[in-house]
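Taking it in order: structure first as structure tokens, then the write-up.
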Amino acid sequence: MILRLGQIELFVTDLNKSKDFYVDVLGFIEVERTESSLYLRAIDEFDRYSLILTQKPKAALGSFSLRVSSPEYLRELEKQHQEMGIATQYVENSIHPGKGPVLKVAEPNGHPVEFYHAMEEINVGNKSGGVDALPMRYSHLHRGIPPVAIDHMNLRVTNVDKALEYWQAIGFSISEYVQGDEGKFAAWTRAKTSTHDVALVQHKETSLHHIAYIVDGISSVVKTADLLADAGYRANIDYGPGRHGVTNAFFLYVRDPDGHRIEIYSGDYKRDTDLPPIGWTKEEYDTKGRLWWGPSVPDSFFETTPVNDEWMKEKVTK
Amino acid sequence: MILRLGQIELFVTDLNKSKDFYVDVLGFIEVERTESSLYLRAIDEFDRYSLILTQKPKAALGSFSLRVSSPEYLRELEKQHQEMGIATQYVENSIHPGKGPVLKVAEPNGHPVEFYHAMEEINVGNKSGGVDALPMRYSHLHRGIPPVAIDHMNLRVTNVDKALEYWQAIGFSISEYVQGDEGKFAAWTRAKTSTHDVALVQHKETSLHHIAYIVDGISSVVKTADLLADAGYRANIDYGPGRHGVTNAFFLYVRDPDGHRIEIYSGDYKRDTDLPPIGWTKEEYDTKGRLWWGPSVPDSFFETTPVNDEWMKEKVTK
Amino acid sequence: MILRLGQIELFVTDLNKSKDFYVDVLGFIEVERTESSLYLRAIDEFDRYSLILTQKPKAALGSFSLRVSSPEYLRELEKQHQEMGIATQYVENSIHPGKGPVLKVAEPNGHPVEFYHAMEEINVGNKSGGVDALPMRYSHLHRGIPPVAIDHMNLRVTNVDKALEYWQAIGFSISEYVQGDEGKFAAWTRAKTSTHDVALVQHKETSLHHIAYIVDGISSVVKTADLLADAGYRANIDYGPGRHGVTNAFFLYVRDPDGHRIEIYSGDYKRDTDLPPIGWTKEEYDTKGRLWWGPSVPDSFFETTPVNDEWMKEKVTK
Amino acid sequence: MILRLGQIELFVTDLNKSKDFYVDVLGFIEVERTESSLYLRAIDEFDRYSLILTQKPKAALGSFSLRVSSPEYLRELEKQHQEMGIATQYVENSIHPGKGPVLKVAEPNGHPVEFYHAMEEINVGNKSGGVDALPMRYSHLHRGIPPVAIDHMNLRVTNVDKALEYWQAIGFSISEYVQGDEGKFAAWTRAKTSTHDVALVQHKETSLHHIAYIVDGISSVVKTADLLADAGYRANIDYGPGRHGVTNAFFLYVRDPDGHRIEIYSGDYKRDTDLPPIGWTKEEYDTKGRLWWGPSVPDSFFETTPVNDEWMKEKVTK
């Protein structure tokens, strides 16, 4: 089965500027740098990296990767997609370091999705014992906020109900949703037990609204703004801090040098995925769901990031 | 499949004393009180309750309940246990409020285990919308620490390897373990992705070492000791605060008026359950695993709580 | 000499509504209630109370009280004020419980100021030993935010430079100021070593902008908004959270049921009072000083509370 | 008058080892390094430095410096000491960078004390405006714990009552004390309004027990132990964490590479210095005062650091 969101690749236009923002200010751990990409990790992650920044002429969502429970499940997903009439690419060796075979698809809205099972873990299994095996032990690497773990993505789609057909077909369940007059306006869906791996919100075009990293409590969310203002990134503080009604998250949205929006948050909840979702009317969402309390939403918050338009056309060695 | 630890029932000798300790000082939410039992909830739980305190002549672990993903899976577990030669009782109506059918078993070491699927949720589904549906919204109910959610139990068994046969057979995976000269000394096993639902540690007899509630960060762990000392429970602070090597938990162990040990902790980690466990030698465990840093272990920390010796003999209506 | 801000009296129009807001939601400790007044304390204060809410037909700043280092210093201040041509009233017995003699003055802008030395302390001196003598021990009284200690007031005056003449004459020093084209626009002044007891900001009329209580860290500031939204006071969240440039405070401004503004904050600094103040130009203040980072200032933030217009006319027994 | 503890000089035997401990692990900011000394600052301090580590053949307390309110007050203190029959040295130019004239004395127990008024401040007054003038703005310099500000010293003396005669003569007031059968066993004294600048505790010889830095809340105290254990300094964690009854501090004591003990703490209180002290009997102190709750005191906690035996013999240019 699908377990969780594992990695995100963002296209950026200047790797050095990105490094200053993500590594030097926010405190992401730089794992590896190749000619074209920077691989980053948050402090409580066992996977070698969770964020890939790749230099490209145009900023975009490159792709995102969902981890599955076994190598065999990749083949099962391949079959399942083919039955749904969705084109797939099975790639034996990912172009990214430490990553095993991947199954690439463009979900019906056009979002670039990748499934994988094998990913090199950091320090676990490499050493004789457990003593030094835990990422959260390396307190001396904690700088910046620091980011704790990748959590979710918020995607914009032109038709939420239609998008849900796909995400529910591959096993995601809805934690919360907003019911509009003509179908669902938004839905938070997940493989794991927290509120979401993938949120789907109605928009005029397929795009990315934000990616999200969880941090250690309310004071770390606020520290993000302190760090950015101190380092000359005051204008990159997009919205917040405040509290969402949906998901209960205490949030701060920031923009990276390319305008990609990152949610730095704490405070959502866990609930078994078999339980019925929590529903909001559009009016409830507008008055309390989007914003339980906090500053009013600025116009800039409705801007989104385009998605990789070369996704299924990239040459792969199958 | 099995999802997580859901409830624990402790036998206590004086409900009023227990109420003072758990509700008035630590801040558990009192959900319901019957003639013989007190039902308690932590602040971020959707289940109506997670802790049942039942008045009995002798303090003991009454039982603990594991939630499964569907009603059908209870019958599947029943068959699986019968194939393992383990006696079962399928009870159509739990004696506890809001709980559906349960499957009772005594696992091979004698621990009183119960499986269930249906449990009444608090305020979700009862209301038209999501606005007021989230337990974590009720800030005015936050008192004491407050406890955030039930997390795990630490059981003592006479043979860890043998106990693991059972727990792995029903689908639990090992997150960490300690390898002794003659088999495993301890293992942390789980259905969910955090470090454990059930820890198994070698001991001269089957018993309970502690139950554990997670709280919101390091300062809430410390607040527990402040509250207890202020309320006249200084002697109930058993051990800590300190940091475990295994699981990375920042811990404080306290004893309730009957001597039941409660771990109040924050800071463990999440890791997919299919990944290989982290192993410690016994020497590593003794020098760094049990205690990454902190005060040395007092003798009282090796005392344990007996288990319900009437578990499978109780009369039920099947 | 003058030591610090000690108490504030606010006129409110409905004591029961005020009690719900201050005591039941925010967690002020109710110390005493008389027919007309409610006396409140924060958790780390030794004085019996720091906030007096008095029922009156019209909401206003009743007065504020500054503590001096000896009874004799009251008489010295009396003389000093008379030399400045400022009317005084020396009141042998304060109308407020536990308070010794007070010297009443209307400072040149018309703000109702009171000086005092003797104030009953809570539990210190009443008991044989120190064991139970510290207010911060009573963890079981910690509810709501809770507020930790009274800190400062922000007054509006028609001429800051003129107001400073008075405050500097009685020994206050400036920690920070904003230099406008025609004199100072604002100044933060204090008797104690933190950034201010009394801030003075230019306005069209003498009035109170806010009173401020310090709380325990960033998460307590945010908890204030969570508590208010949960308890039906979402509309009372006036501005923030955000970070001031001046004083470095992480702030949240809330309005009580009468519209009095309370700053709930953490994070300012200490600096010896003999050192030269930190100056900002008006432009620096407008771009970074008022708001180092955070949501833009809403219009409502410029509303102020009138001051007691009966202050020096009240009948006293001298 | 005397305002507060300003700097401490410790003699250390290996500056490089000290740098690793204080700067690289704990997060003190390195301000300047000369051939023989390392000058360090905590993050919320305006003085250029508060800790001087000076390489010497033998570890000891070099001296400590108390800031006074004016240059003239140094001369007043000189006269006052001469009247008490205490030898003094007035040094026009301190050997330490940025520091003005100092008055050196050995207080009656032999502790090396220095008084000063002028000390270079960091970035205040050097720049045109306030915008970048506040030390707490430099979030990018926050590493390690980080330490927030110097707070106090705990000195051992052979006769507490006799030592108090001196400290009270120069204007310190007692916040708390422990009354033994034959005079006071301990006293916490201060110039500022927090619980102490200088604690005096009975011991067989004049020595230093610990110096103390305040940090930002409970989680920062705990982070100190996490950092030390991670960086190979597990054995340097001396005692704690726990809560003192006296002063209410949440403490962790650590030892530097030379065995100097540093208290990392949060949570004491402020109270006007004119108010009567809080007294404990020796029995109250032994049962609750030293340790309100926490692990029992290890023997190592009674070891102390010798004091500079060349203090008044050093050659100075007067």
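Should a chain be cited, it is by its letter among A, B, C and D, assigned in written order, with residues numbered from 1 in that chain.
FYI, a residue touches a chain if its C-beta (ideal position, glycine included) is under 8 Å from a C-beta of that chain, and two chains touch if they have at least 3 such contacts.
Only a predicted model underlies this, so the values are computations on that prediction, with no experimental measurement involved.
At the chain C-chain D interface, residue numbers used by both copies make up over half of all numbers present, so the two copies contact each other through mostly the same positions. Of the two chain pairs considered here, A-D and A-B, the higher C-beta contact count falls to A-B. For the pair chain A and chain D, the distance between mean C-alpha positions equals 47 Å.
Centre-to-centre, using mean CA coordinates, chain A is 32 Å away from chain B.
For chain A, the set of residues that touch two or more other chains comprises 137, 217, 223, 226, 292. Of all residues in chain D, those touching chain B in their complex are 217-219, 222-223, 225-226, 228-229, 234, 237, 241, 243, 250, 292-296. The part of chain A that touches chain B in the complex is made up of residues 3-4, 44, 46, 67, 69-70, 121, 124-125, 129-131, 133-137, 149, 176, 192-193, 216-217, 245-246, 248, 267, 269-272, 274-276, 278-281, 284, 288-289, 292. On chain D, the positions that touch chain A within their shared complex are 24-25, 137-140, 143, 223, 226-227, 230-231.
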